[in-house]
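Dropping the structures in below, format is C-alpha cells.
Presented sequentially are two complexes of chain A, the first with chain B as partner and the second with chain C.
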Partner chain A sequence: MDEILNKIARCIQSGKIDKVSPYPPDMKGEDGADELTKFALENGIKPDQVLDLALIPAMETVGDRFSRKEIYVPQMLMSAKAMNSAMKHLKPFFQSGETKRKGKFIIGTVAGDLHDIGKNLVSMMIEGGGWEVIDLGVDVSTEKFMKAIGENPQAAVGLSALLTTTMENMKKTVAVIKDSYADTRILIGGAPVTWEYCEKIGADFYSPDPQGAVNYLKQLVA
Partner chain B sequence: MKTVLKGRTREVVIDTDGPVIIIGESINPTRRRKLVSTLEAGDFGYLLELAESQINAGAEVLDVNVGYPGVDDVRLLPAAVMAIQERFDVPLCIDSPNPAAIEAALKAARGKCLINSVNGKEASLSGILPLARDHGAAIIGLCMDDDGITNDPGKRLAIAEKIIERSVKTGVCEEDIVIDPLAMAVSAEPMACMTTLETIKLVRQNLGLNITIGASNISFGLPGRETLNAAFMAICIQNGLTCPIANPEKITSTVLATDLIMGRDDFAVRFIMHFQDQTR
Partner chain C sequence: MKGKNFSFNISELDLSVPRIGQMLNFGEGECEGVFSEMIFSALEEAEKLPPARAEYTIFEAVKFSDAEKTIEINDIIFEVNRIVSSQLRGSDSIAVFLCTAGPGISEKSRQAMEAGDLLTGYIYDAVGNEIVDAAFNLLYKDLQKHTEVSGKKLTNRYNPGYCDWKVDEQEKLFRLMPDNYCGIRLNSSALMDPEKSVSGFIGIGRNVRFNSFTCGLCDRTDCIYRNIKDKE
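Then we have the complex of A and B:
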C-alpha cells in the first residue's frame, strides 16, 4: 500500500497527470496520478488513505517548495492538475459521505478586480489540502460572498485583491461579512496586501503564499 | 501617428515609426509601501529618487501612481506631480482609476500628460474622457470593458475601436489615444503573450495608433524574469509596441537593441551611448 501511495504522491509532486503526460521525462510512458489512483481504489486502498497519505502530503510538499521559491507557478499548476486527476476518483466517495473533507472554503477576487492567478493557486492548494472549495471567481461582489456564506455558514472565506485600489473593496467586504457572521474566518491575500492591512480591516489571517493559507485552515480543524 | 506629450518645456514624441519611448513604472506603491508612508509624511525624497533613477536609466515619461487604501489621492497625486515636475522637466503619465484624483493631478501638472487609463466601461468613458478633453491630455485606452477581460484579440480590438469612437465624439483626437492591448502572465496561461501580440498586430494594422503595455507582469511566477521580459519586449516592439510602461533600469538596453535592429538608430548612436555611459 505504501508503495502505491508514495507513487501517487510522487506523480503529484512532479506533475505527472496520466500515462501520456510527458513530464517528468524519467516517468515517460508510466502510469500517472490518474491511473494509479484508480488502481489503488480498485485494489482495496481506502479513499481516506489516498487523500490523507498521498494527495494532501504531496500538495503540502508542493506548497512548501513554492513558498521557498524552489518551484514556479507553471510547476504548481501541473501538480494541481495531477492532484485533480487523482481527486476526481475520490469525488464519488465525497458525495456518498464515505470520505469526509476537512471543511468548506469560499474564495473569490474582490469587486472591481479581475486578477485570478493568485486566487486560483490558493484555491487549488486548499482543495489539495482536503477542503471543498467554492470558487466564486473574480470581481465578486459583497452580496455574492454573503449569499455563498449564507448557504455554507461553516465555511471559511478567502478574499484576493491585486490592486491597491481594490483593497478598499476587500475592506468593505470584510466589514459586511463580519457584521453578520462574526465567527466566519476570513483569510486575505494578494500582492499589495500585508499583515498590517489584515489587522486594520479586521480579517483573521494574511498569507503571502498559498501554503500559509492551507496551514492556517489546517490548524483551525486540528 | 504621433502622440506628443510635454513636460515643463520638453516635448516627447511617441511615434508609431519609433524609436520606442519608455514610460517608467516604478512610482507605484504596490511593492513600495515606503512611497505612501513618505508622501503622507510630506517627504518627497523617495519619490524624487525613484524619478531620478528612472530618468537616468532611460525613461522619458514617468508613470505616477500613489493609490493605496486610506490614501487621499485627490490631495496626494497632484502633490506628487508638482514635486516631480518642479525638479525634472519630464512629461507624466497620471495613473489612477479615480476621476477626481486625475482631475486634480491634471490641474497641477504642467505640459501635456498621458492619463492611465480609460477602459471600455461606461463609467470610465463618461468619467475620464471629458477630463482629457478639458485639460488637453492624451489617454491610454485599455482593452477591457464591462464584460471583463477577453482572450479574443478581435474583441480586444473592438473595445479599442469603441474607446476611440467615444474619445473622438467627446473631443479627444485620435493621435492622443494610446492603446493598451493588455499583457498577462504567461505562467498561468500559455497563450497569454500570443493574445497580446495578436492584439498589437491588429491595433497597428487597423488603427495605426501608438501602443503601450504594462510589460513587466508577463513573467510573474517564473524564474529568469528579465530574460523573458526582454524577449517579449523585442517581439512586441517589432509588431508595433511604441511606449511600454516598464522598469527602465531593466529594459532600456533591450529596447535600444531592438530599435537598432529595426533601423531606427543611425550609426547605433543611442545604443553605443547607453553602454558607454554605463562603463564610464
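Then we have the complex of A and C:
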C-alpha cells in the first residue's frame, strides 16, 4: 500500500497528471496521479488513505516548496492539475459521505475588488489540504459572506484584496462577521495586506502565501 | 492641452514566449516543453482579441510645492509625496496617461480558471500584464519622439499606489480626464475596470531625467519587476 501511495504523492509533487501527459519530461509514458489513484481505489486502498497519506502530504510539500521559492506558480499549478486528477476519483466518496473532509472554507475577493488570481491559488491549496472550498468569487459583498456563513456556520472564512483601498473593505466585512459569528475564524491575504493590518481589523490570521493558511487551518482541527 | 490616443493590435506588441516565461519566474532557458507550448498558444489566442488602448493628455500648467510635496494641475492638488515630487520636479508639463489591455484577456483567464484550468488562467493573466506593459512602452516611445524635437526629456512613469503616492489619488487623476477616457472606469474603491490597466504621470521638461534606479527608491523588496531587474 505504501508504495502506491508514495507513487501518487510523487506524481503530485512533480506535476505528473496522467500517462499521456508529457510533463515532467523524465516521467514520460509512466502512469500519472490519475491512473494510480484509480488503481489504488480498485485495489482496496480506502479513499481516506489516498487523501490523508498521499494527496494532502504531497500538496503540503508543494506548498512549502513554493513558500521557500524553490518552485514558482506554474510548477505549483502543474501539481494542482495532478492533484485534481486524483481528487476526481475521490469526489463520489465525498458526496456519499464515506470520506469526510477536514471542514469547510469560504473564500472570496472583497467588495470593490476584481482580482482573483491570488484567491484562486489559495482556494486550490486549501482544497489540496483536504478542505471543502466554497468560492464566492470576486467583488463579494459582506451580505454574501454572511449568507454563506449562515448556511455553513462551522466554516472558516478567507478574504482577499489587491489594493490598499479595496483592503479597507475587509475591515467592514470582518467587523460584521465577527459581530454575529464571534467564533468564525477569518484569514486575510493579498499583496497590500500585513500582519499589522490583520491585528488592527480583528481578523484571526494573515499569510503572505497559501501554505501558511493551510497550516493554520490544519492546527485548528488538530 | 495636447493629447493622443493609441490602439495597438496585440500582435504589434512584441510579446514573446521567453518574455512571458520570465514574468512567470522561469530562469534563462528554463521555460520549455509544455510550459512554453502553453504560453505560445495563449499568445496566439491573445492576438485575436481587440487591440490594447493607451491615451495621454499633456497638462502645461503644473505647479509644484516643494514644502507640501504636492503637484497642482487644473486646481486639483495631488499629494504625491517625497519620492514622486522629487522625481517630477522641474517638469514644464505633465503627461497624464492611462493604458489598458481591455477586458478580453482577463475574461480568457477567468474562463480557464472557472473550467478548472488554473495554469492556463494564470498564463493568460501574465499575458495581460505584459500587454499593458508593452502598450505603455509604445505610448512612452511615441511621447518621447514628440518631445525630443523640442529638446525636452521625459521622466519615468509614476503611478498612484507606488513610491508612497497613495492609490486613492487615482480618483483625482480620473477627475482630470473625460469620462470613460481610454475605455477605463474607476470604481469607488479606486480600482480600475478593466483590471489590466495602469494610470500615472510622466514629467516633461528640459531639466528632467529618466532614472533607471527607481526600484531602489521603493521599499517593496518582493515586487516581481524589481526581481527581474535584479537578475538582469
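Everything that follows uses one rule, which is that the second predicted complex is superposed on the first by the 222 of 222 C-alpha atoms of A that agree within 3 Å, B and C clash if a C-alpha of one lies under 4 Å from a C-alpha of the other, contacts with A are read in each partner's own complex, and residues count from 1 in each chain.
Methods note: contacts are C-beta pairs under 8 Å (C-beta built on N, C-alpha and C of every residue); 3 or more make two chains touch, one makes a residue touch a chain.
This one's a predicted model, so the numbers in the text were calculated from it and none came from an experiment.
Asks: With the two structures overlaid on chain A, would chain B and chain C clash, or do they fit side by side?
Replies: In the arrangement built by aligning on chain A, the partners chain C and chain B clash.
Asks: Is A:K171 touching anything from chain B or chain C once the two structures are fitted on A? First, second, both or neither.
Replies: first
Asks: Now for A:P25: first (chain B), second (chain C), both, or neither, which partner does it touch?
Replies: Second partner only, chain C.
Asks: Per the contact definition in the header, classify A:D64: touching chain B only (first), chain C only (second), both, or neither.
Replies: Neither: A:D64 stays clear of chain B and chain C.
Asks: Should A:M78 be classified as contacting the first partner (chain B), the second (chain C), both, or neither?
Replies: The answer is second: A:M78 touches chain C but not chain B.
Asks: Check whether A:T194 is in contact with chain B, with chain C, with both or with neither, and answer first, second, both or neither.
Replies: So A:T194 only meets chain B here.
Asks: On the superposed three-chain arrangement, identify whether chain B or chain C touches more chain A residues.
Replies: Of the two chains, more chain A residues are contacted by C.
Asks: For A:M124, select first, second, both or neither according to whether it touches chain B, chain C, the two together, or no partner.
Replies: So A:M124 only meets chain C here.
Asks: Once chain A of both complexes is superposed, is A:L114 in touch with chain B (first), chain C (second), both, or neither?
Replies: Both partners, chain B and chain C.
Asks: Taking the two structures together, which residues of chain A meet both chain B and chain C?
Replies: Correct list for chain A: 72-74, 77, 114, 116-117, 120, 163-165, 168.
Asks: Of all residues in chain A, which touch chain B in the complex?
Replies: Residues 72-74, 77, 114, 116-117, 120, 138-139, 163-165, 167-168, 171, 191-192, 194, 197.
Asks: Which of the residues in chain C come into contact with chain A in the complex?
Replies: Counting only chain C, the residues touching chain A are 24-26, 33-35, 106, 109-110, 113, 116-119, 121-123, 125, 161, 166-168, 187-191, 193, 195.
Asks: Of all residues in chain B, which touch chain A in the complex?
Replies: For this pair, the touching residues of chain B are 29-31, 33, 65, 67-69, 96-98, 144, 148-149, 185, 187-188, 220-223.
Asks: Mind pulling up the chain A residues that touch chain C in the complex?
Replies: 21-23, 25, 72-74, 77-78, 80-81, 84, 111-117, 120-121, 124, 162-166, 168-169
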